[in-house]
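Here's the structure, in structure tokens; my notes come after.
Think of it as A, B, C and D in the order they're written, each chain with its own count starting at 1.
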Amino acid sequence: MTVLFQARGLRKAFGNGEHRRYAVDGVDITVAEGEALALAGESGSGKSTIGLIMARLLDHDEGEILFDGQEIGKCSARRAAQQPWRAQIQMVFQDAGGAFDPRLSISDSVALPLRRLSHSRGNALTHAVEDALDRAGLAGHLFRRKPHELSGGQLARAGIARAIALRPRLLILDEPTAALDVSVQAGILHLLNELRRDLNMAMVFVSHDLNVLRVLCSRVMVMEHGNIVEEGPVGRVFASPAHPFTTRLLAALPKWPRSEGLPHQLPGSALIIHSQ
Amino acid sequence: MPVLAPLLTVRRLSLAFALPQGGRASVLDGLSLDIAPQEALALVGESGSGKSVFALALLRLLDRHAEITDGEIRIEGEDLLHASDKRMQDLRGKTLAIIFQNPASSLNPIRRIGRQIADVLLAHGERSADAARRRAVQMLARVGIQDAARRANAYPFELSGGMKQRVMIALALAASPRLLIADEATTGLDVTTQAMVMDLIHEQARANNMATLLITHDLALAAERCDRIAVIHAGQLVESAPAARLLTAARHPYTRALLTATPHAGSTLANLRAIPGQAPDTAAADLPACRYYARCDRRTELCKSLPPMQTASSNGAHVVACHHPL
Amino acid sequence: MKYGSSALLLALFLALAIAGPAVAPYNPLAYALADRLQPPSLHHWFGTDALGRDVFSRTLAAARTDLPAAAAAVILSSLIGVSVGAACGYLGGAIDRWVGRVVDVMMAFPLFVVAVALVAALGNSLTNVVLATAVINLPFYIRLVRAEIAARRQLGYVMAARLAGCGHGYIIGRVLIPNIAPIIAVQISLNLGWAVLNTSGLSFIGLGVRPPTPEWGALVSDGAQYLLTGQWWVALGPSLVLVLAVFAFTLIGDTAHDLFSPRSAR
Amino acid sequence: MNASLISFVLRRVLTVLPVLVGATVFTFVVMRLLPADPAAFLASGPGMGAADIAALRAKLGLDRSLPVQFGLYAWQLLHGDFGHSFVTGNPVALDLLQRLPASLELACGGLLIAAVIGMPLGIAAALRPGSLFDTACRALAVLGGALPGFVIGVFLIYLCYFKLSWAPEPTGQIDAALSAPRIVTGFLVIDSLLAGNMTAFASALGRMVLPSLTMALFALAPVMRMTRAAMVTALASDYIRSSRALGLPNRLVLRYALENAGAPLITMFGLIFSYMLGANVVVEKVFAWPGIGAYALDGLQAADYSAVQGFILVVAAVFAAVNLLVDLLCGWADPRIPRAA
């Protein structure tokens, strides 16, 4: 697995004077090509801050950032828009509704990055926009709709379409399914997994929902108060957590009766109901 | 669970909202369910299913656009729908209490927490202000706040997030209600805080033989924390059963679909499946009799025309409303 | 309904201002001492003033002074206010703090104080009154736009625009300001009402417009003298028209405000 | 606990400084923009040659560099020397001190009446959003907002004095025939009461009615609109919904809302009060009321710029004092403010 993204010694503080607090306090992250990495932690753990720093939307105080072997941390977030690697790193936001300019139709919003960064125009642009929206599983008659006319699930798909339109090599997703109903969430998780496989796109999932991260990612980094407390393959970390915080996090998850596979797959199979 | 007279009885409750742009949305359609004393019932449904409207209807806190078109609600035998406003005011807090989503913002930001709890006690029978203040400090201690006497003088903004959740629970339990409704009370909270809040509610319920109604979209949370689960879809009760039974032998297609869509400890991406389509617009004129019709893979013409009849299991514990249950 | 009626009223005033002189039954400046101080009649709808001039024609002509003056003041203050506010809201930091401090000081001076000072310094002319009205309204725009932009700066679609390679100019000009345009429009319509109020108020106390230029405030001021001798109509006509004009502007502002405020949008 | 309160008070007092400094700079710049050179103007008496003008310029310090002039000017101000008014002949500071109470009397009286009428209406409208009463209040507020102070004043005089003769003649604070009571507070109504001079008291009070009513009508619209907005926000909050759900009696729920609307309401009154200081000028002209506004207007007409300059400084100082008072009251009304600042 070739290393695509590497950050070392990331530190970021907010507030000044005695209120100064390190949201990110010395974090190292490595993401391989096409990998699905989970960044797990509770609110206030600094996971979203790291997401913004990786997407170069937020300046960090210390630490270096390498993308494809090239140092990109020195350039400030304000000037990131003009950098050659801008199209290579994209992000999907938690509040899908707030992620779209209320005045523009969905296809116009998806066209914006294509127009600005890949300078495509006319038919090529329209084709690229429609391809991205199709790939994200959005129905054609929704393309010209305004954001407030779409459901939560449709907006999530449109957000993903916009992010993959430029075929970035690294995609950061901040709580992609937190605002969605369970019935719609599963569809988005399948879509993300297919896109990652088909487009060989590395994805970093920032979330507090361990169950979602377990089904989607291969590697997990657990964060608490700005530090990575544990890191490793999802299976091992979730099965036998080493760090007390991870243990407490997993213990707090609502317990589902332990059963082989789904309760309903084998009609009449005897299931061991985990005593309450 | 010995069969006692139900604490709360809801029969055929139907409710409609007058929409600002005209038309009426029938948000609840013939909802019937009971809660036995000290029972922990979960009402599980997706956003827009009407579960929170149901909670507000129980407390008659709905705004003037809502109208209860049919049905009956009785608490300890007393008819709530026709109770006077004064009587409802007495019942709220003393018999029925509720905690809303993001409980921290339910505290009056500029009033000391001790006084807020004392206000509830004074509103429900406590005569002397001093006694009310003393009992308020005891309540704070009971919900696990250390140094309660000093903390009672603090303002909400001086407390941590977790402590504010505890104070809200102390407020709700101050007048020792018979039924505590938690309406998405832990949605958006961290998993560890959620566990603390649910433990606290469970512990207080057992200590004061109080029934609880957990309203949530999280089926896993409901399964772990409640004796029985009722599933609601677009304002219709589709199924209710003891928790373990619902998980292992659900009979309604929607409950089944929810189970296969909810990620949990044992699930993998392969066996996770989304539910096609969306919940119907309850203001639409051509609403099918069973509102899961558009998304159901077992639907027939019958489901469109005839409202699904509720059939109960032999001991009456497992009820399902479907023409073609699994 | 409310929205429609105020728009109609406003259209009437705009037509009045443009077509004023052509429509006026009499020449607003022509004396006719013979029919001095006549009460309202079919010939003179608003009656005549002490110099026998037709009050109705003068009120019509006054629209050509007041409305353009108000418009000029509002355009001036909104253009400067919106750009300064946008810069502060978007950039934040030192510029935001300093401008905030200056705005606080500017708010310390009620309109009449600034107008009195400007007129004292630069001379008694309508331009100075327009300048004073603009200066006074500036802080409202700066604070409004600064707050609205700052609130939206962290929103997803702004960050998405940055991800799409858009520079700050594009984000402020093509994303943020168009999204708050309706809110600015509400402030502009409210402001127009205030501007007419201010201009006429100043000329009522003799600042800005010098006789014989017809201006609503000045007309009411002339009329006021004759109130105590029973000729109520000299002041009534212009006052009614002035109040209606201000009412039309503020009504549109008030109704539009409900349209855009989150509460009513639900 | 009170340490943070003291530091809050001190910090707030400091915020007054920029406003005062800003005001001084503003008046200094305005004075320097004057078309006429003050020295030449003052020395334009018969037989005054170029040498005399130059001498006068030196005496007035006008020949020194601007910063020095500003220093001199500021120093004078600190000593209460606002210059002399050649219209009244006495120091501007004295004139303003005598006339300030008359202006404050109007502004406070007007605001008080507006509050007594406006707040209950605003609260009642907020309690019944969307009702006929609510829409009526809003329409009244918009209409009130559209009524210029001078139109209200003029027609009140016509109606109440000329037509119905309820109100006394609108000329000045007290009937010219009566002797003004000894000045204690400068508020004629109070001073006459203190002096036990009932006829003067009745006359002063009677004469105050119309001008304060004009100011009140002028302030009624913003008071009503902002009270309604503050109450609607408070009533729509989570803590009100949960206090109802806890069975608290309605009057306690209303009290919760009122307490939380306190800080925004106080800020609103501060804003409206300073806004009314401007309206004073017009009302004082209409009612020939001897306030600082009328004084500044006369100064302007007579090109007596020291008077105008003094007026601007006094208004800025009053505004700064009002803001400080508002900040402190907000700190008391909402405990979060002192601790968060």
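Methods note: a contact is a pair of C-beta atoms (placed from the backbone, for glycine too) under 8 Å apart; a residue touches a chain by one contact, two chains touch by 3 or more.
Note that the structure is a prediction, hence the values are computed from the model and not measured.
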* Asked: Looking at A-B and A-C, which one has the bigger number of contacting C-beta pairs?
  -> A-B
* Let me have the rounded angstrom distance from the C-alpha centre of chain A over to the C-alpha centre of chain B, please. => 32
* Which whole number of Å gives the spacing of the CA centres of chain A and chain C? -> 50
* So what's the Cα centroid distance for chain B and chain D, whole Å? -> 54
* **Chain centre separation (chain A, chain D; CA means) in Å** => 56
* So how do the chains connect up here, line, ring, star, complete, or something else (other)? -> ring
* Touch relationships between chains, expressed as pairs -> A-B, A-C, B-D, C-D
* chain C - residues contacting chain D, complex -> 101-102, 104-113, 116-123, 193, 197, 200-201, 204-207, 217, 220-221, 223-224, 227-228, 230, 232, 235-236, 239, 242-243, 246-247, 250-251, 254, 263
* Asked: Given the complex with chain C, which residues does chain A contribute to the contact?
  -> 55, 57, 77-78, 80-82, 86-87, 90-91, 93, 95-96, 98-103, 109, 112-113, 116-117, 162-163
* **Complex contact set, residues of chain D against chain B** => 237-239, 241-250, 252, 256, 259-260, 262, 333-336, 339-340
* Structure fact -> Interface with chain C, chain D side, in the complex: residues 15, 18-19, 22-23, 26-27, 29-31, 33-35, 138, 141-143, 145-151, 154-155, 157-158, 161-162, 232, 236, 274-282, 285-286, 293, 296-297, 300-301, 303, 305, 308, 311-312, 315-316, 319-320, 323
* Residue ranges of chain B in contact with chain D within the complex -> 59, 61, 89-94, 97-100, 102, 105-111, 119-120, 123-124, 155, 157-158, 168, 171-172, 174-175
